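In the part that follows, the structures are each spelled out as C-alpha cells.
Both complexes shown next keep chain A, but they swap its partner, so chain B is in the first and chain C is in the second.
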Partner chain A sequence: MRPVAAASDPTRHFFQPIIVCLTVASVALTLFVIWISLHDLSLMRAGREKFVGLDNYIRFLGDPRAMAALWRTVLFTVLATAIEIALGLAVVLFLDRDFAMKRLVRTLLLVPIIMTPVVVGLTWRFLFDPATGMANYLLSLVGIAQVDWLGSPRIALFSVLVADIWQWTPFVILLVMAALESAPTDPLNAARVDGAREWQVTWYVLLPMLRRALAIVALIRAIDSIKAFDLFYIMTRGGPALSTETLNYYGYIVAFTNFDISYALAIAIILTVFTNVALLTMYSVLFPKTGDR
Partner chain B sequence: MARRALFYVGLALLLLAVLFPLYWVVVTSFKTTRDAFAIPPVWLFSPTLDNYRTVFANRGFLSAFANSFIVSILSSALAVTVGSAAAYGLAQQPAELRRAREKFILSLRIAPALLFVIPMYYLATRIGALNKHWLLIAAYAFVNVPFAISLLITFFDDIPKELRDAARVDGAREFSIFWHVYLPAARGGIIATLILCVLFTWNEFFVALVLTGRDTQTLPVSITSFLTFQGIQWGALTAAATLIMLPMIVLGVLVQGQVVRGMTLGSVKG
Partner chain C sequence: MLNRRNLLMLGAAAAALSLAAPASAEDKPFNGVQISVLLEGHPTTDAIQKMVPEFKEKTGIDVAIEVVPEADITAKELLEFSSKSGRYDVVQNNIIYLPGFVKSGYIVPLDDFLAKHKENFDKADFVPGYFNTNVLDGKVYGLPVYGESTFVMYRKDLFEQYGLAAPKSFEDIENAAKTISAKTNKQIAGITMRGQQGIQSVYVWAAYLWGFGGSFFDASGKSALATPEGIAALDAFTKVLKDYGPVGVANFGWEENRLLFQQGKAAITLDATVNGAYNEDPAVSTVVGKVGYVPVPMKSASPKGGSSSLAVHSMYVSAESKNQEAAALFAAWATAKEQQLKSIETDPNSGVTSLSALNSDSFGKRYGAFKEGMIAAINAGNPQYLPTVEQANEIINNTGIAVSKALAGTASAADALKEADEANNAALAR
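Let's look at the complex of A and B:
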C-alpha cells in the first residue's frame, strides 16, 4: 500500500521517544518497587532500612488480615462481575426492540458511569443511612424490619456491592447494546424461519454472537473490581470490624496509616500478580484457544 | 397491548432505579435540614439555597475547585499533546510492530495505582514536592498518556490513507502532514479524548488522596472533609456533591458517543 516503508521512516520519531520514556519509567519503577519490597523501609523509622530478602512476602502469607482481605477481594470481584454481566445482559435483551425513546434511555444510562465515584459512594451512604435513609424507608413501606446496611459486618460488603452494581451495570448494558446493534440479524431471522422458539433463538444464536463482547466487558469489570477503592473509602473505610477491607484497601492502610512502605509494596506486587493471574485465567476460559487477536 | 404496557412499566422501573439516587442527592441539596431528614420523606418542599451558601462560604472548597480545574486541564492537555504525536506515529506503522507497542501501552493500565503511588509518595516526601501542583499534574499525565494514545490511534485510523499519500506526493514533511492534515481531520476525536481525560482526572480520587497536600487538594478529596466533623452535614455535602458532578455529567452527555468508546479502552486504566 505505502510507497516507502524504509527503516528510516520518519514517523518513528513521533512515537519512539514516548515509548522509550514509558518503557524506562515502567522498568525503573518496577525495579525500584521490587528493591524496596525486599527491604525493611518505614517512614516511621527513617534511615534504618535494611535488606530483608523475601521477609515481606513470607509475612504476607502468615498475615491473617491480609489473607482475609485477599479472600474478600475475590468474593467482591466474582460477585460484582457476575451480577453486573447477568443483570446487564438481561436489560439488553429486555430493551432489544424499537421504541420511541431509545436514544434518550441510552443517554440516561450513561449518567451513573460518569458520576464522580466519590459522589456515588456518598449517595449510597446517604440512601443507606440506618435512621433517615431512603433504603430503610422503602423497606418499612413493605413491612420489612430496618437493616443496618453499613454498620453490620455481615451486610456491609454487600451494601458496597449494591453501589458498585448501580454504577457499573449501565456500562455493561451500553457496551453489549452496541455489540448487539452491530451484529447481523440474518442468522436470527433464519432461525425464526426454521421454526425456532424465541428463547431458542436467544440462547443458541444471539448469545453466541454476543460472547466476545460479554467476555471483554467481563474482563474490564473484573480488573476494575479488584482495584475498587473509592466506594470502600467513602462508604465504610474498610469497617465495620474490617469486614469490607479488600487487598487494595489494606495496601493503602499499610502504606499511609502505618507508613510501612516495604510491606505495602509487597502487597501491591502481590495484588498485581494476582490481577494478572486472574486475568489470564479468565482470558483462557473466555477465549478458549481461538486464534483471533 | 398488554405486553406493550408491561414493557413500558419495566422501562420506567429501570429508569427509576438508574436515576433516583442522583435525583435524591440533587433534590436534598435544595432542602432545609428539617426537610432533608423527615421520615416519611418530603416530596414537595420550598427550595432553599442555604446549602450552596454554606459550600461557597467554605474557602477550602473554592480552592479545591480551582485545583481540580487547573490539574485536570493541564494534565489532560499535556497527555493529549504527547498522545497525538505518538498515536500519529503508531498509526503509520506496519501492523505487527504497532500491535506489540499497543499491547505494551495497554499493559501499563492494568497495574493497581498503589504500585506507582507509593514510590511517588515516598520520593515526593524526600524532595518536598507533596504540596506542589506539578506533582499531581505529572502523575495524571502519566496515567492519561497511555489512555490518550490508544484512543487517538482509533481516531487517526479513521482518516483515509489517501489524504496522507496525497500530501506526501506534494512533498510535505512528516510534521506538516501531522500538523496540517491529521490534526484538523481528527479534531473531533482529539476534543473527545481531551474531554475524557478531563472527566477521568476530575473524578479521580485515590491518586489525589495520597499525593495532595493542604494547598493542592482536589474536589473529591476536599468533599471528604464534610464527612468528619460533628457527624455528617448532609445538606452541605449534597450541595457540594451536586457542584462536583453536574458539570462532568453535562460534559459527558455532550460527547456520549465517544464516552462509550473511550470507556471500553479507558476502564483498563491505572
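Let's look at the complex of A and C:
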C-alpha cells in the first residue's frame, strides 16, 4: 500500500470535511432505509403504517418470485461480465497492431457507450422485432425461420444480454487498451528474442501484465450488470412469463407498481448485501493479499 | 437604505396597487392565484395546453401544467401525496386508483366547489358511465377528462374475400382467425392482441374474462380468477394468439399491436376504441375504410358484467392543495363541453367524455367510421372491467403474469390463474 501522510497533507482540509459529510449522509440514509424496511409502509395505505420487525425479510425468503429473480440476476451478471471481458480482450488483442484508420475504428467503438441505455433498448427492440426487425431479416437470408427474440421465455433474457454486451464491450476494450498501451514492451520483446511463440508471449507475458486492468474492469461491469435496469425496462418489462425479471426489476415493480415501499426497500437491502458479499469475494480472488505489491 | 424618496415611491406604488386591485377583484376573484397541474401525455392534454391562456384570461388563474407519461404518473402522484408536499393542485389518473386515493385522504370531494361554479359544470352533459365512476359514497371526487372502451376491429375486405360474416361470438373470432391465417399461409396474422406481461395483456384479456362470464372477484371480495369461466377465457385467449397470432405477440404492447393492424398485417384485433382514430388516419394507416367495428362478444348467458371496458381518466383535486377552489374550477373548466368540442378540432381526441362533443358534427366527420361501434361499446362498458380496489395495481400485475405464463406455455391456464389468485389474496389481506 502507498504510504499516505494524511496528517501533514494540506489537502486534508478539503477532503476530510467532504468525507465526513458523505459518511454521515450515507449512514443516515442507510439507517432510515433499514428502519422503513422494518415497517409495513404502502403508499396506497396512508396512515396505516405499522412496525412489523423482520417480516419483510422473512417474506422475501418465502417468495419464489424473488428467489427466481435473484437467480436470474446472478446468471445475467456472470454471463454479461464473462462474455464482455472475453470479447473485449479478444478485440483489444486484434486491434493491438498498427493499421490504417486505427483512430477511426477506436472512435466508432465508443458509439455504443455514449448512447443512453433507453435508446439502446429501443434500438434493439426494433432489431429484434420478429416481423420487421433486422435480426430476423438476416436470419431469413440464410433460410432460418423467424425467431421470437423477446417473446419467448427461453430466449428473451439472452436477447437482453446481447444488447448489454453490444453496449458495454467497448467499455472493456477502452480500458484494457489503455492498460496495454501503458504497459512496457521490453518484456514482450525479450520473450520473443528468447524464442517464444506469439501465443506464448500473449499468454505468459502480456495477459499477466493486463491482469489488474482486467480485474478492475470485471468488477465495474459486474456491479453495473447487477444494477442493470434500463434495458430490461425498455425491452421486455420483465416478461414474458417473468423470464427477464431480475431482482432489481422486481424491486422496482414492488415499489412503483404495487407501492409496497417497505418490501421494496427490504429487497433493495438484500440486493445490496448480496452484491457486496459477491464483490468482496470476487475482489479477494482477483487481488489475493499475497503477491499484491 | 430606506430614505425618504424610496419611501415615497413605495407609498405611491402601494396606492396604485390598491387602486387597481378592486376593479379586477370583482370579476376575477382568483387573480394572481397560481395552480400546478399534473397531466398524462395524451391528445386531450395537448388540447388543454393550447387552451390554457383562455382560462387565465377568464379567471386570472395562472396554470402551470406538467406532463408525464401515463405509465409513470401514479408513482409520481403517490410520492407527492404521501409526503404531503402539496406540489400539485390538480392531478389526472385512471379511475381505478380513485378508491385508494379517497381512502388515504389524498383527494377531496368536489361537490361544494362545483355547486359554486355551475357555469363550468354540466353533469347532464357527461357520458353517464364515465361520470358515475367518479362518484364514491355519493360524493363526486373526479371529473372525467377522457374515456374509452374496447371493441373488435376486423378487416371487412378480407372477411368478404374469404366469405366470412362480421364476428359476433368468440367462436366467430377464432374461426375467422383460423381461416384467414390458413388461406393466406400465415402471411396475414389471423388475429393480433396485446400479449405483454402486465397491464397490457390484462386490459385486453379482461374482455375475454368478462365475456366468458368470469370476473376478478367473487361475492366475498376474494380473488376468483381460477373459476371454470376464467380458465376457459384464458385458454381461448392464448389459443387464438398462439395458433393464429403473429410471431412475437407475447411481447406486444399497445403500440406493436396497433402498428401491425394498421399496416394490414392482421385480420382482427381487439383493443381500445382510440385505435379507431389511428386506423382511419390516412397518414399512418394502410387500412383506412377497410375496417369494421363491432362490440366485444358475450359468451355467457349470465355475465357478471359487460365485456367492453369502461376506461376513464379523471382530474382530481389534491387534499394538500392551498387553492382547492381554483383547482376545482380548473378541472371543471378543462372537462366542460366547450373545451371538449374544441379539443376534437385541435387534436386527434376521440376519447371525449361530453355528450355534446360526442354528438357533434366535427366528431362525426373525423371519427364517423367507428363512432357507432364506439358508442355501443361505451354504453355497454363495464366500470369494474379492471379491479378498482386499493391493490388494483398489484392484482393487475399478478394477473398479467398468469396471462403471460399461459401464453408462453410455461404453465397451464388453470395453474397460472390459481397462482395469481393466491398472490392476489395475499395482497388483499395485507
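Simple rule for what comes next: the second predicted complex is superposed on the first by the 269 of 293 C-alpha atoms of A that agree within 3 Å, B and C clash if a C-alpha of one lies under 4 Å from a C-alpha of the other, contacts with A are read in each partner's own complex, and residues count from 1 in each chain.
Operating definition for what follows: a residue touches a chain if its C-beta (ideal position, glycine included) is under 8 Å from a C-beta of that chain, and two chains touch if they have at least 3 such contacts.
Nothing here was measured: the structure is a model prediction, and the numbers come from that model.
Student: Consider chain A as the common anchor and indicate whether chain B and chain C clash or fit when overlaid.
Tutor: Aligned through their shared chain, the two binders clash on chain A.
Student: Looking at the overlay, what does A:F256 touch: chain B (first), chain C (second), both, or neither?
Tutor: It touches chain B and chain C both.
Student: Using the touch definition from the top, say if A:Y57 reaches chain B (first), chain C (second), both or neither.
Tutor: neither
Student: Considering only touches as defined above, state whether A:F158 meets chain B (first), chain C (second), both or neither.
Tutor: neither
Student: Is it chain B or chain C that touches the larger share of residues in chain A?
Tutor: Between chain B and chain C, B touches the greater number of residues in chain A.
Student: Does chain B (first) or chain C (second) touch A:Y137, or do both, or does neither?
Tutor: First partner only.
Student: Based on the superposed arrangement, let me know which partner A:L43 touches: chain B (first), chain C (second), both, or neither?
Tutor: After superposition on chain A, A:L43 lies in contact with both partners, chain B and chain C.
Student: For A:Q146, using the defined touch cut-off, is the partner it touches chain B, chain C, both, or neither? Pick first, second, both or neither.
Tutor: Second partner only, chain C.
Student: Could you tell me if A:P240 is touching chain B, chain C, both of them or neither one (first, second, both, neither)?
Tutor: second
Student: What residues on chain A does chain C touch that chain B touches too?
Tutor: Touching chain B and chain C on chain A: residues 43, 131, 255-256.
Student: Inside the complex, what are the residues of chain A that reach chain B?
Tutor: My answer: residues 1-3, 5, 9-16, 18-19, 22-23, 25-26, 29, 32-33, 36, 43, 91, 94-95, 97, 99, 105-120, 122-124, 126-127, 131-132, 134, 137, 166, 170-171, 174-175, 178, 216, 220, 223-224, 226-227, 229-230, 233-234, 248, 251-252, 255-256, 261, 264-265, 267-269, 271-272, 275-276, 279.
Student: With touch defined as at the start, can you tell me which chain B residues reach chain A in the complex?
Tutor: 7, 10-11, 14-15, 17-19, 21-22, 24-25, 28, 36-37, 39-41, 82, 85-90, 92-94, 101, 104-105, 108, 110-116, 118-119, 121-122, 125, 142, 145-146, 149, 161, 165, 168, 173-174, 178, 199, 202-203, 205-206, 209-210, 219-220, 223-224, 227, 234, 237-238, 241, 244-245, 248-249, 252-253, 256, 259-260, 263-264, 267-268
Student: Looking at the complex, which residues from chain C come into contact with chain A?
Tutor: Checking each residue of chain C against chain A gives 75, 78-79, 81-82, 100, 103-106, 195-198, 246-252, 256, 260, 265, 390-391, 393-394, 397, 400-401, 404-405, 407-408, 410-411, 427, 430.
Student: Flag every residue of chain A that touches chain C in the complex, lowest number first.
Tutor: 40, 42-47, 129-131, 146, 148-153, 156, 236-243, 253, 255-260
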